[in-house]
Amino acid sequence: MDDQIKISVKSANFFYGSQQALHEVNISIRRCFVTALIGPSGCGKSTFLRALNRMNDLIPGTRLEGRVELDGQDVYSSSMDVIQLRRRVGMIFQRSNPFPMSIYENVAYGPRVNGLMKNRAELDVTVEKTLRSAALWDEVKDRLARSAMSLSGGQQQRLCIARALAVEPEVLLMDEPASALDPISTAKVEELIYELKRTYTIVIVTHNMQQAARVSDETGFFLNGRLVEFAETKKLFTAPAKRETEDYITGRFG
Amino acid sequence: MRRMVDRTFVAMTLAATLVILAMIAIILGNVVIHGRDRLSWEFLTAAPEQGMMAGGIFPAIYGTVLLVFLMSIVAVPFGVLVAIYFAEYARAESRLYRWTRMAVNNLAGVPSIVFGLFGLGFFIQTIGHGIDQVLYPGYLVYGQPSVLWAAMTMAVLTLPVVIITVEETMRAVPQEYREASLALGATRLQTILRVILPQAWSGVMTGAILAISRGAGEVAPVLFTGAAYFLPQLPTRANEQFMHLGYHIYAMSTQSPDVEATKPILYSTVFVLLVLTFLLNLTAILIRNRMRRWTTR
Amino acid sequence: MKGNSRIGAENGVGKMESAPSRHADNTAADDPATEGQTPFSRPLFPPQSAVRNRIDRLGELFISAVAFVVIAIIFLIFIYVAREAAPLAWRTIDGISIWSPLQTPYTWQPVGGVPKFNILPLIVGTLKVTLIAMLLATPLALAAALYTAEFAPPSLREWIKPAVEVLAGIPSVVIGFFVLIVLASWLQDAFGFQFRLNALSAGIGLAFAVIPLIYTVSEDALTSVPKLYREASLALGASKPQTAVRVVLPAASPGIFAALVLGFGRAIGETMIVLLASGNASMLSLSPFVPVRTLSATIASELGEVVFGGGHYRVLFLIGVVLFLITSLLNWIGARYNRRLRQRLSGAA
């Protein structure tokens, strides 16, 4: 297998009950790349993303056919430890959802449940480190004990990123992480993504094509549950190979 | 003309509201006016004397508190566990869930006297007698009315209150929090214990208080399961009978040889029971209102 | 490569990653070559999640097991009450059989030379008291619910609801006591009844108990009607009361019906109020001014004195079964109509 490939999906079909949401999706997501997924809403981007860390298991009656591999390992095999999988593959949601706890407790939650830290001092170090990597430390260092709900929307989303980073994941899945944010906060999150890709493999769903063009190395275009085109971002936006892709990026639908 | 009709209509609904509020005020006022004469520290701490015509009601207060205490250490934990099962593990669309949930709902509306029958038939005649046959052959130890069986009966009666309140608050916790926690590599149990339950805490509190208030006020279930009119001594064992505020009121108003003479004590007993249940319910209502504001924000 | 076990998988990943790669992954943190690029230089996590998973499964098992036991007990309630009554179905005990409650004469007289166990007087008594309570409670509770939901200023509304809920919190023995000691005398003085305690006094007492229930359920139903309905009607020039009566009330009607059914169920089974306030004598009469005895009060006042396992004992359990079935049926109907209301409003909105 290819060392450059972090996640590989082979002829994946996904069903919500009898309704099929993904059709024969094949994709290879490269290590330490930012991979963007674009497409009109309802085309299956979130479904695809949530299939990667088996978040869809939580919805009763869903089923995946085909194969999803993380470092060559079958994600859906019965020997896969789903809890560990989700620890390794972190997720950032569209609506920022910090727990109604203090800022500190939010970041410390993951390490705590995963039993990563031996003592409080170690935990303090981790919390500071992750808040720094999420570019939030300077803004919150004086109010770690305050409720996370007191933060602004953009800060909350970066806190969620910090929370995800604290369990030392390998992959970050982001489902429209900036869609609910103002332009300044969006810019901060994008900057952060750019920083993070040095260490993490990132898959980001966005409905904003400029954003995809700005942050990603490779881009996939989804339409009606199919991966229509997958290419280097620059190529996909300047010289799309498929007619549907061109129609979409030139704004003819969606 | 139309405005007249409209106004009269609104005035009538207002009048109905006032009638209801007046009814409450009359009951409470009457009890407060007549009940406070007799009330004293001694009344609360002394035992009855001269066939209930003198002394206090301490044994009844003690018995009620004991009953409610035993009841809640059973009803609250079990109710919370069932609520966790319903809200977090059971499939909401499964037939099993719908049926069991309906049974719990129905139980909340079954008359309390039926629970009294159940307590007698199940706890005393079946469980209690069973224990006696195995452990104390030939003796009557657990196969008779007692504070233990009254508390168990009351626990079954109040279980639905706890289950329904706690399940409701757990379901009100947004799904996003569950997903966020699981996406961080937490197990389901960790998610429930560390994220969901802390947010449903107000529900647990409300459920517990509603159960306690109900347990303190209901009389029908303890009529045959353990309440006694007069006992010379406080119960010290689980298989002894107990005195109960509500039962005391019932018995004093119907069985006293001289109702006029017992009236002041009777009123004061009612006053004590009212204050107790009123405070409990007020707390529950306040917690729930605060919680509602908190969840809708 | 395939991950065979969780532990093997973790280790395998770590080794594989140590191959030189431009895109260093942080799982390779144990490889000195890539250190510094990762935010954490600690070794990989101990693969302790097997323990955690086991605890998780045990927790689920424990919670489910407890839930099933508790639910089993819930179903046992009916079974155990019915079990004590059941022997009447196949044999005659103390001259009493399952048919005794239906046999003439129409008298319930458990003590005496020839005990009589016809429950007709009890049923008539129960219905009489319940009907009186419903006739008194329904208009009051519905009008108050209308006022609270439609006309009251918001600041007042916040006070009325908890105030009525206080009534719901008054123990029924206290209401019974109040009727017995105070209200019944007032009524007798005012109307000169022959019997101080009668069906009317018990019915008034019961009304106190069902008003908060009818009020709460129907107020919920009224407030669940979408604002859109009201706005549409008001925009057409209807007044607030017209809107309330012609638009909101019909839209909420399944919920109001549910409130009445649930109130009825509550009244039928209520024990302590009727026990104290009805006079507790089983006379077969339709007059609201004579003492009555209800099904629930009969159980309450007689079970303490019967011989365990005897015919009289079993007849009382049989009455319990009847009460259980009637109230269950009413609860079920009430829940159905409440669900219908929610479906109707969510379908239309």
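Per-chain residue numbering starts at 1, and chain names A, B and C are given in the order in which the chains are listed.
As a convention for this text, a contact is a pair of C-beta atoms (placed from the backbone, for glycine too) under 8 Å apart; a residue touches a chain by one contact, two chains touch by 3 or more.
Note that the structure is predicted; figures quoted are calculated from it, not measured.
Novice: What is the shape of the graph in which nodes denote protein chains and edges denote touching chain pairs (line, ring, star, complete, other)?
Specialist: Complete.
Novice: Counting C-beta pairs in contact, which chain pair has more, B-C or A-C?
Specialist: Looking at B-C and A-C side by side, B-C shows more C-beta contacts.
Novice: Taking each chain's centre as the mean of its CA atoms, which one is most distant from chain A?
Specialist: That would be chain B.
Novice: Between chain A and chain B, what is the gap in Å from one C-alpha centre to the other?
Specialist: Measuring from centre to centre gives 49 Å for this pair.
Novice: In angstrom, rounded to a whole number, how far apart do the mean CA points of chain B and chain C lie?
Specialist: 13
Novice: Compute the distance, rounded to whole Å, between the mean C-alpha positions of chain A and chain C.
Specialist: About 46 Å, centre to centre.
Novice: Scan chain C for residues touching two or more other chains and write them down.
Specialist: In chain C, the residues touching two or more other chains are 49, 52-53, 56.
Novice: If you look at chain B, which of its residues touch at least two other chains?
Specialist: Each of 185, 187, 190 in chain B touches at least two other chains.
Novice: Which positions in chain A touch two or more other chains at once?
Specialist: Counting only residues that touch two or more other chains, chain A contributes 83-84, 87-88, 114.
Novice: Taking the complex as given, what residues does chain C use to touch chain B?
Specialist: 49, 52-53, 55-56, 59-60, 63-64, 66-67, 70-71, 73-77, 80-81, 83-84, 139-141, 143-144, 146-148, 150-152, 160, 162-178, 180-182, 208, 211, 215, 239-242, 245, 262, 265-266, 268-272, 275-276, 296, 299-300, 303-304, 308, 316-317, 320, 323-324, 327-328, 330-332, 334-335
Novice: If you look only at chain C, which of its residues touch chain A in the complex?
Specialist: Residues of chain C touching chain A: 1-6, 9-10, 12-13, 16-17, 19, 21-27, 37-40, 45, 47-50, 52-53, 56.
Novice: Residue numbers of chain B touching chain C in their complex, please.
Specialist: Touching chain C: residues 2-3, 5-6, 9-10, 12-17, 19-21, 23-24, 27, 30-31, 78, 81-82, 84-86, 89-90, 100, 102-107, 109-118, 120-122, 125-126, 156, 159, 185, 187-190, 213, 216-220, 223-224, 246-247, 249-250, 253-254, 263, 266, 270, 273-274, 277-278, 280-282, 285, 289 of chain B.
Novice: Which bits of chain B are touching chain A when the two form their complex?
Specialist: Contact set of chain B toward chain A: 91, 93, 174, 176-187, 190, 194-195, 198-199.
Novice: With touch defined as at the start, can you tell me which chain A residues reach chain B in the complex?
Specialist: Within the complex, chain A contacts chain B at residues 53, 55, 58, 60, 83-84, 86-88, 90-91, 93, 95, 97, 99-101, 109-110, 112-114, 160, 163-164, 167.
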